[in-house]
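See the structures that follow.
The same chain A turns up in both complexes below, where it pairs with chain B and then with chain C.
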Partner chain A sequence: MLAAGLFGLGLTLSFFVAPEAAVEGVRQRIFYIHVPIALTSYFCFGLGAWKALMLLWRGDDRYDLESYVAIHQGTIFGLLTLATGSIWAKTSWGVWWSWDSDQLVLFLTLFLFYCAYFMLRFSLEEGARRARSSAVYALFGVALIPVSFLAIRLAEDLVHPTTFTRDGPQMTATMFTAFCVMWAAVTLLAYVLYRVELAGKRLDRDLRELREALQ
Partner chain B sequence: MSAGQYVAAAYAVVFVTLLAYVAIIAAKLVRLQRDVSELVELARRRDRPPEPAREVTRA
Partner chain C sequence: MTYLADVAALTRKDLRVALRARDTLPAMLLFVFSTLVVFHFASPDGADESAAYGLLWVAIVFTALLGLARAWVPEQEHGVLDALVLTPTDRSAIWLGKTLATLAFLAAAQAVALPAFVLFFAPLDLTALAGVLLADLGICAVGSLLAAMAAAGRARELLLPLLFLPLSIPLVVGGVGAAISADGGRYLLLLVLYDAVFAVLSWASFEYVVTE
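Coming up: the complex of A and B.
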């Protein structure tokens, strides 16, 4: 309910309160959904890697499922990042995709890397070996996150716009407030979906064990 | 397409995808609920004492 309320508030601020950008015009409003989703995607991949590290460190099986669900969430939000980014690119650059932007290519690499995580995971039989292999793979992927995040600042292509610089956010206070509310809403929504999916997966596993015990 | 329509498309893509995701999770929860009911029935059948064997009478 809180996530839905925040989403409603964020949309109201993004569309009716935040002023229209001078150069970008109305298409700048994609920023309020695109950037929070991209940041949430990074966060989910990072969380998945952290849970994978905990699995390898402590050897507790519950971290395997937590890592998997976090990476699953990250992939969904990653897909949405690519989709909304492509729509913005079409309005701004006139093309759906630009291979000249390091930020785009690195994000696509990160996304495809974690797509391959599922191929690895489901090609192995359920058990400790699959959990460990998936965890190691998830940990490798986390190295791509800071590279992808910082690529826009390290690269000098200037194709992808930079909103947050060392001088702070390059927008008005109202725009920044709308962005922060949308960011909070997307993060909260991702957290709620994470908890629901995790509960469902755990219940599914427990029921399978119970069925085996009863039969 | 105008810029406004592209903006609407971007938000629509997000909402439709999230709605589909929630619908998939809801469908899975319904399946789990059905599994729970089946297992409860199975457990009840196991706990029920076996019926006494009927005597066979011959004429």
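Coming up: the complex of A and C.
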């Protein structure tokens, strides 16, 4: 409920309150959706890796499911990021895809990586070994982010609008407020989805165990 | 000292098994050579010379995949991996032994592929060669861990490329950059960083992948 309310407020702010961008005009409004989704997606991947680390460290089974669900959410938000980014790129650079943009390529690399994570998970037999292999792979993902970022920066040609620089965000106060509200809304939405999916998956597992116990 | 002795023994075992079976190494050699020939016909007349370096890297990555897919097959077939895990050695020694053995095969394949590349396509300078060597380290370190993961799966031949290719992207960036950029040193540094980060990660996490 709260997530839905905040989402609505964020959308209103970003479409009606925040001033039009000087250069990009109405197109720029997708920024309020695209960037929060992308940040949330990174956050989900980070959370997944953190849970994976906890699994390897503590050896507690419940981290396996938590890590998987976080990465699942991250991948869904990642797909949305690629879609909204593509739309923005089409309207503002005139192409659906640009290999020159660091963030786009980095995101695609990560997206491919996490798709492979699901392939790995579904091809292994359920059990402690699958949990640990998935956890190790999830940790590799977090190491891949900075290394790929460096790699892509090296082959760089900067086209992406850099909004956040060392001098702070380059936008007006209302724009920044709208952005923050949207960011909070998307993060909250991701969290709600994470809890829902986790609850569903746990219920699933408990049911299966019960059924096996009955047989 | 015993750790190194274990690693040496495991590497020797892998090399001996592969040399006796004579399947992986000849396959890799033939594969990389025929790939280069196919590339010649795939690239249009008058194509930019720098495109050839990209093709070389595609050939290297796929040849490595071919070798890595076979890396754990002998262990799988006879249940050797379980026995190795039971021996009182550090598990990471198994990974290191396999990494060194795969590295030897990949280097052997490149000993054929690189001269053939120079002959057919474009010259390679010292920076490019250093790039190949550093990338080989990363490929084998990460690849032998992922291959062990994939070997436990249902569709291991399918799984390994999917797991490995996204992780190989920085290596390809570094390798191609070292070959064509005027300032190749930066790309070599990237490769060193990649090798260090992922070798340590693989070394530390191998135990979790092979134990039940």
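The criterion applied here is as follows: the second predicted complex is superposed on the first by the 203 of 215 C-alpha atoms of A that agree within 3 Å, B and C clash if a C-alpha of one lies under 4 Å from a C-alpha of the other, contacts with A are read in each partner's own complex, and residues count from 1 in each chain.
The criterion applied here is as follows: contacts are C-beta pairs under 8 Å (C-beta built on N, C-alpha and C of every residue); 3 or more make two chains touch, one makes a residue touch a chain.
Note that the structure is a prediction, hence the values are computed from the model and not measured.
Peer 1: Using the touch definition from the top, say if A:Leu80 reaches chain B (first), chain C (second), both or neither.
Peer 2: A:Leu80 sits against chain B, while chain C stays out of touch.
Peer 1: For A:Thr109, select first, second, both or neither according to whether it touches chain B, chain C, the two together, or no partner.
Peer 2: Second partner only, chain C.
Peer 1: With the two complexes superposed on chain A, say which partner A:Leu39 touches: chain B (first), chain C (second), both, or neither.
Peer 2: A:Leu39 contacts neither chain B nor chain C.
Peer 1: Which partner does A:Ala184 contact after superposing on A: first (chain B), second (chain C), both, neither?
Peer 2: neither
Peer 1: Quick check for you: in the superposed arrangement, does A:Leu139 touch first (chain B), second (chain C), both or neither?
Peer 2: Only chain C is touched by A:Leu139; chain B is not.
Peer 1: Residues of chain A that sit at the chain B interface in one complex and at the chain C interface in the other, please.
Peer 2: Touching chain B in the first complex and chain C in the second, no residue of chain A appears in both lists.
Peer 1: Which of the residues in chain A end up touching chain C in this complex?
Peer 2: 56, 109-110, 112-113, 115-116, 119-120, 123-125, 127-129, 132-133, 135-137, 139-140, 143-144, 147-148, 150-152, 154-155
Peer 1: Could you list, by residue number, the parts of chain B that touch chain A in their complex?
Peer 2: The touching residues are 3-4, 6-7, 9-11, 13-14, 17-18, 21-22, 25, 28-29, 32, 35-36, 39, 42-43, 46.
Peer 1: Touching chain B in the complex: which residues of chain A?
Peer 2: 11, 25-27, 29-30, 33-34, 37, 76, 79-80, 83-84, 87-88, 90-91, 189, 193, 196-197, 200, 203-204, 207, 210-211, 214-215
Peer 1: Going by the contact rule set out above, which residues of chain C touch chain A in the complex?
Peer 2: Counting only chain C, the residues touching chain A are 142, 145, 149-150, 152-155, 158-159, 162-163, 165-167, 169-170, 173-174, 177, 186-187, 190, 193-194, 197-198, 201, 205, 208-209, 211-212.
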